[in-house]
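Two complexes are shown next, each including subunit A; its partner changes from subunit B in the first to subunit C in the second.
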Partner chain A sequence: MIRTRRAAAAGPVRTRKRGRRSPLASVALVAVGLLLTGGAYTLFTASSGASAAIDLNSAQAISQGKKLFQANCATCHGLALQGTVAGPSLIGVGAAAVDFQVGTGRMPLAQDAPQAQDKPPVFDDTQTKELAAYVASVAPGPGLPSSKYLQLSGNATRGAELFRINCAMCHNVAGAGGALTEGKYAPNLNGVTPAHIYEAMLTGPQNMPVFNDANISPQDKADIITALKATQQNANVGGFDLGSLGPVAEGLFLWIFGLGAIVAFTVWLTAKAN
Partner chain B sequence: MANQESTEVVPAGRAAASSGTAVERSDAFQNPGLPPHRPRVTDSDPKAAKHAERAIVALFYVSIVGAVFAMAAYFAFPIHADDLASVRLNNLFLGLGLSLALLAIGVGAVHWGKVLMADHEGVDIRHPIRGDQKTRARAVEIIDLANVESGFGRRTLIRNSMIAAIAVLPFPAIFLFRDLAPASGTPAEAYSHTMWKKGSRLTKDPSGVPIKASDVTIGSVFHVIPEGLNDAPDMLEEKAKAAVLLMRLDPADLHPSKGRESWAYDGIVAYSKICTHVGCPVALYEQQTHHLLCPCHQSQFDITREAEVIFGPAKRPLPQLPISVDSQGYLVAQSDFHEPVGPSFWERRGDYNV
Partner chain C sequence: MTTTSEPLAYDRTEPADARRSSGGLTGWASNYLDERTGISYVVREFGRKIFPDHWSFMLGEVALYSFVIILLSGTFLTFFFQASMAEVVYNGSYVPLKGLDMSAAMQSTLNISFEVRGGLLMRQVHHWAALLFVASIGLHMVRIFFTGAFRKPRELNWLIGFVLFVLAMGEGFTGYSLPDDLLSGNGLRIIAGMVEGIPFVGSWLEWFIFGGQFPGTSIVGRLYTLHILLLPAAVLALIGLHLVFVVVHKHTQFAGPGRTNDNVIGYPILPVYAAKAGGFFFIVFGVVMLMATFFAINPIWTYGPYDPSPVSAGTQPDWYIGFADGALRLVPHGWEFVLFNTTYSLNVLVPVVGLGAFLGAVAVYPFLESWVTGDKREHHVSDRPRNMPTRTGIGAAGLTVYAVLWAAAGSDLIATHFKFSIEGVITTLQFALVVGPFIAYFVAKRVCLALQKKDREVALHGFESGRIVRLPGGEYIEVHEQVDDFERWRLVSFNDYEPLMIRPNAAGRIPPQERVRAVLSRWFFEDRIEPVTRTDVELSSHH
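For the complex of A and B:
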């Protein structure tokens, strides 16, 4: 008796639900989509950091790289790397510059902008190394960093001091990045592979100055990378860092949530009970 | 009763204003008086009152839970001496428990007052600040008596010497401020000169390793301190004035003014790192635009045109350090800066360039 009544009551409710989607469904769908995209992006960028064993001097790598270059880069940089009005000459930039620009996805350029942005790389690691081999074969330049400087085994204390003196004014003391002039910016260094950090210091991509080995020695660079990774991996003692952006983010948080709570309590305190 | 009093005060104020300036406004704001008293739900409905009572009791119990949680968290998340991150959890949960305990007591007490305690509305009119004649006369009497008994008005020599003593007392403080200035010479003198002198080598910050001109490739930036700075007795004060940024540009990009052509060496230029606005270190160098950006107030300096200000609040270009190379190929200063580095000060002379 009870069971039948319950079934009868549930019947119309169920049919109505089938006809109209819950308002939360679209929110959940968007959340799932965002999670999938973000997850795929993380996987993609993480996999690009793996280094493939390729001999940069092998004739095969150079000829493969030449083909890739002619098909993908020569429009702006010229068939002989001499540069055009659309892009700078690549003579003497070396394998390190190619590995950084192509490996972080900055090249090929997606659009004309104040500066090239890092994005999922177009070429896989082998293709990137082949391009680097070709560019390095045309004229000598800074080579790929030796893996012994990328092991995060340097002196983090010394590296942090060098970072504060040479890098922190643009990249923020925690490596969170910062604004430059006219839409340019120093990128966030969190999640950048040690090899790419090393190559950026060595070659000075875009508006970043060059820090050659006479200025910051290879061991100094290894120390800086060690310090950066230590900063990013150590648990933050102070709680939420709010992007490590300093007083701007912290002030905004306090103004909105701190003052908001005070205003809300004041309104409640002075309101009459009904 | 209260309303009557307040309406009496207003005409009195009007009468005090001069008849020539007082303007009678036809649309003057009328005092609407108090809104009618509205009984609360908890006054009329015993069920609602019971419900409110339970809510208040629950809030006080929540406070007890918070306090107990704080005590438990103190032991559950101990601080380990070798793990700084343990401070975070300890503080977080201790703080959450204690703030819950305090907040719940406060909210409960206010809620109690608002919904259950007696609901009388009353108005307290501010009493006038001016005392009545009797009080004022008595105050004058007391002061006169004190004057007579102390002899403050009669013994003028004692009184005046005491005033003089109090007046002189703050002067030593002014002299103590002298300690903020350098021990020898005037502050202006100290601001006007740095450690740089003819022949002192440019060395890397912080190692103090001298820099060869050939090491400074195009697009490079070196953060530079003068030779011997690390051994200087007042190292930080000297560094705050002598810090220099060294850059190498294509010599064709530089546009030196007359008399300053020899201050650079083969495209290598050295500029003071201390902003001429309020003294922040200016070191955000863009190697393609050759602009230097100050991170504090966004002043921009164009290195190709002797660091002239192209944006922002700075008024003067960054002072340039004249450099050359010694016989071993190391970069050396030709002299000190030709003008004081950093922000303006009262005694700053503008003719150091001569």
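For the complex of A and C:
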């Protein structure tokens, strides 16, 4: 009886809905959605291509960058990049460091945490590059990576090996991240852009060591990036990867869901039929 | 308690030829078999065994079924796995590893995952079932412990079960190490380090086990022999023995009307219990299959082949070895000293000895308890945990130790995921390891005593019905409803113990061990709630 009443109540709602939306509407919606995402994607890729085209040596970019820097960064890093008690000197850190720190949202530094964390970036891509241009103009330092190393066309096998040897002890083999001392940590590398991975290696942010070009050549870096992206793509060959956290996650999952489900079954099987 | 019409008492005998005359091909076949093997005797004896029904009584079955799943999937894996550390170049279909040098073991595991049809599923079934195997044994042991089902005559079966638990961990660890990937290699490296830490013989022992310097070229082959031959044979034999003992001793049951120390009430194995159990096997199989289908486990392709130089952050053993890993992580700094050119690694020795002591205590607990309590009677009725507050407290303390060590194995993940500093997590866990068991003991014991008090209250005066009645004189009382006799039985039937009195022996002396025993016994039983006696009940039902 209850069921019929509920069905009756649902009836008009459904007809009203049907009345409002033509059958073609959903198709159109999907088409629009696809177009938008596709368009956004091309726009995005195009814009990052365009930003790479910003000339870091152009006087205009440098002066724009200078303004942005004085407004947003100088409180901590000083007007002449000389550094203050609140932030280190940026002389000679290069465009790569700025692009990494600002592009991943770490700078401007937000709160007093054990380490600067990535967060949604405050500046758009052009502004970031302008800031980089300004800092690089004051003193030379590691520059932005050439796009030929960011194409994911390196040797993944070699890259994975290099990653295991140089990075896995902090970032975990699957790039899932790991703990360091005093509340610091090596972050999860999933979803970090190729350029930022390259710049991280080149500049060694905070507790990460610097892997300069003598240490890990640009081609090696390209290999590592290729490998990281390849592992991330292949991460779920075996099903959901439970955060790539290894046996701890697997064990917890087994106890909570596996054994949990089975215990629920035993309770059900032995429940007395009333 | 059993209201279904099916359960039967334990001595149902059928005339032997009633079955024989039931005709047909099956009749002929069973007759043929019976006349040559006498199997009907076994079927009759075994089939008439009664199994009481309680969900926790099925945990051992879960272990049994996961072992069957492990055997089936493991057999499949042996068809393709090569237990060799010979170096080969990977040329399979997983691109990020193509062209890399690795051992044949790793290569064949990758091939099972990517080349063999159904191979990846079987690997995952095998691994998930292995995790489930050890987990269900653990939970089964916890049940046995807290209900006192290890008491006479079942002490030996507890010991067998304990050995099975250790063997299961051994099976798990050897299996985990076989693929020769980076993660398992790190695990072996830790074991090698622990072996090296043994004073005087450590280094020799390491060479003996690994056939040379770690990692050597023979360890995978050796582990394989253990993993597929020696350990499974031992596990199988002990499971057989374990089950024979279960049949001989009959199953324990919880107190209930008509359930005494001399009977077992429940379903006969044939047909009800067997049907239920058969169905349950498929449920367990189904759960394992679902996990294996949807959730990756041990993705060795992300870990890459073993190579002694890299070590990954977040390297952990499978959960059941976690407590050992955790113990190593909790050792404070600087527990290592050099004496006469020999390094003594207390940082390794203390955890190893400590864990040995912990496991040893688990193994001998039944004997200890019966010595302390002086209880040499047979017990077939399970204790409700609350009725043995001290034992329950001890169990809670033991579980706390285990849980803290286990958590320590994941200390780095706790730190990163809850944004703590790793030092803070470690210090907290060290503290918890020392203080936690005491807290757990006292809390559990107090809770048990409180529950017992409540039971006593309910048995004597019924429970509060929530109905408030105003008496003619203006007084308000709450009506108490009496529990029915079935429920009361459950509440009042348990053994009562009193602390042992020490008495001089024949020579008129009190030996020191008896003194110790008396102290322990007092500790065991001094806090107790008198069980309700018949007179109590009768008295209380008169007002």
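In this section, the second predicted complex is superposed on the first by the 221 of 274 C-alpha atoms of A that agree within 3 Å, B and C clash if a C-alpha of one lies under 4 Å from a C-alpha of the other, contacts with A are read in each partner's own complex, and residues count from 1 in each chain.
By our rule, a contact is a pair of C-beta atoms (placed from the backbone, for glycine too) under 8 Å apart; a residue touches a chain by one contact, two chains touch by 3 or more.
Since the structure is predicted, the reported quantities are computational estimates derived from the model, not experimental observations.
Colleague: After the subunit A overlay, clash or fit between subunit B and subunit C?
Modeller: By the criteria stated at the top, subunit C and subunit B clash after superposition.
Colleague: Between subunit B and subunit C, which makes contact with more of the residues in subunit A?
Modeller: Comparing subunit B with subunit C, the partner touching more subunit A residues is C.
Colleague: Per the contact definition in the header, classify A:214: touching subunit B only (first), subunit C only (second), both, or neither.
Modeller: A:214 contacts subunit B only, not subunit C.
Colleague: So, A:262: does it touch subunit B (first), subunit C (second), both, or neither?
Modeller: second
Colleague: Looking at the overlay, what does A:180 touch: subunit B (first), subunit C (second), both, or neither?
Modeller: both
Colleague: Going by the contact rule set out at the top, does A:270 touch subunit B (first), subunit C (second), both, or neither?
Modeller: Second partner only, subunit C.
Colleague: First (subunit B), second (subunit C), both or neither: which does A:206 touch?
Modeller: After superposition on chain A, A:206 lies in contact with subunit B alone.
Colleague: Determine, for the stretches 204-212, 420-428 or 438-446 of subunit C, which one clashes with subunit B when the structures are superposed.
Modeller: The answer is stretch 204-212.
Colleague: For subunit A, which residues belong to both interfaces, subunit B and subunit C?
Modeller: 161, 165, 169-170, 178, 180-181, 184, 186, 234-239, 269, 272-273
Colleague: Give the list of subunit C residues in touch with subunit A in this complex.
Modeller: 1, 3-4, 53-59, 62, 94-100, 113-114, 120, 124, 128, 131-132, 135-136, 139, 182-183, 276, 279-280, 283-284, 287-288, 291-299, 301-304, 307, 309-320, 322, 409-413, 415-416, 419-424
Colleague: Within the complex, which stretch of subunit A touches subunit C?
Modeller: Contacts found on subunit A: 114, 156-157, 159-161, 164-165, 168-174, 176-186, 227, 230-231, 234-242, 244-255, 257-259, 261-263, 265-267, 269-270, 272-273.
Colleague: Over in the complex, which subunit B residues touch subunit A? Could you list them?
Modeller: So the residues of subunit B touching subunit A come out as 38, 40-42, 84-85, 87-88, 91-92, 110, 114-115, 204-206, 211-212, 215-223, 247, 281, 283-289, 291, 293, 295, 300, 311.
Colleague: For the complex, give me every residue of subunit A touching subunit B.
Modeller: Touch list, subunit A to subunit B: 161-162, 165-166, 169-170, 178, 180-181, 184, 186, 204, 206-212, 214-215, 234-239, 268-269, 272-274.
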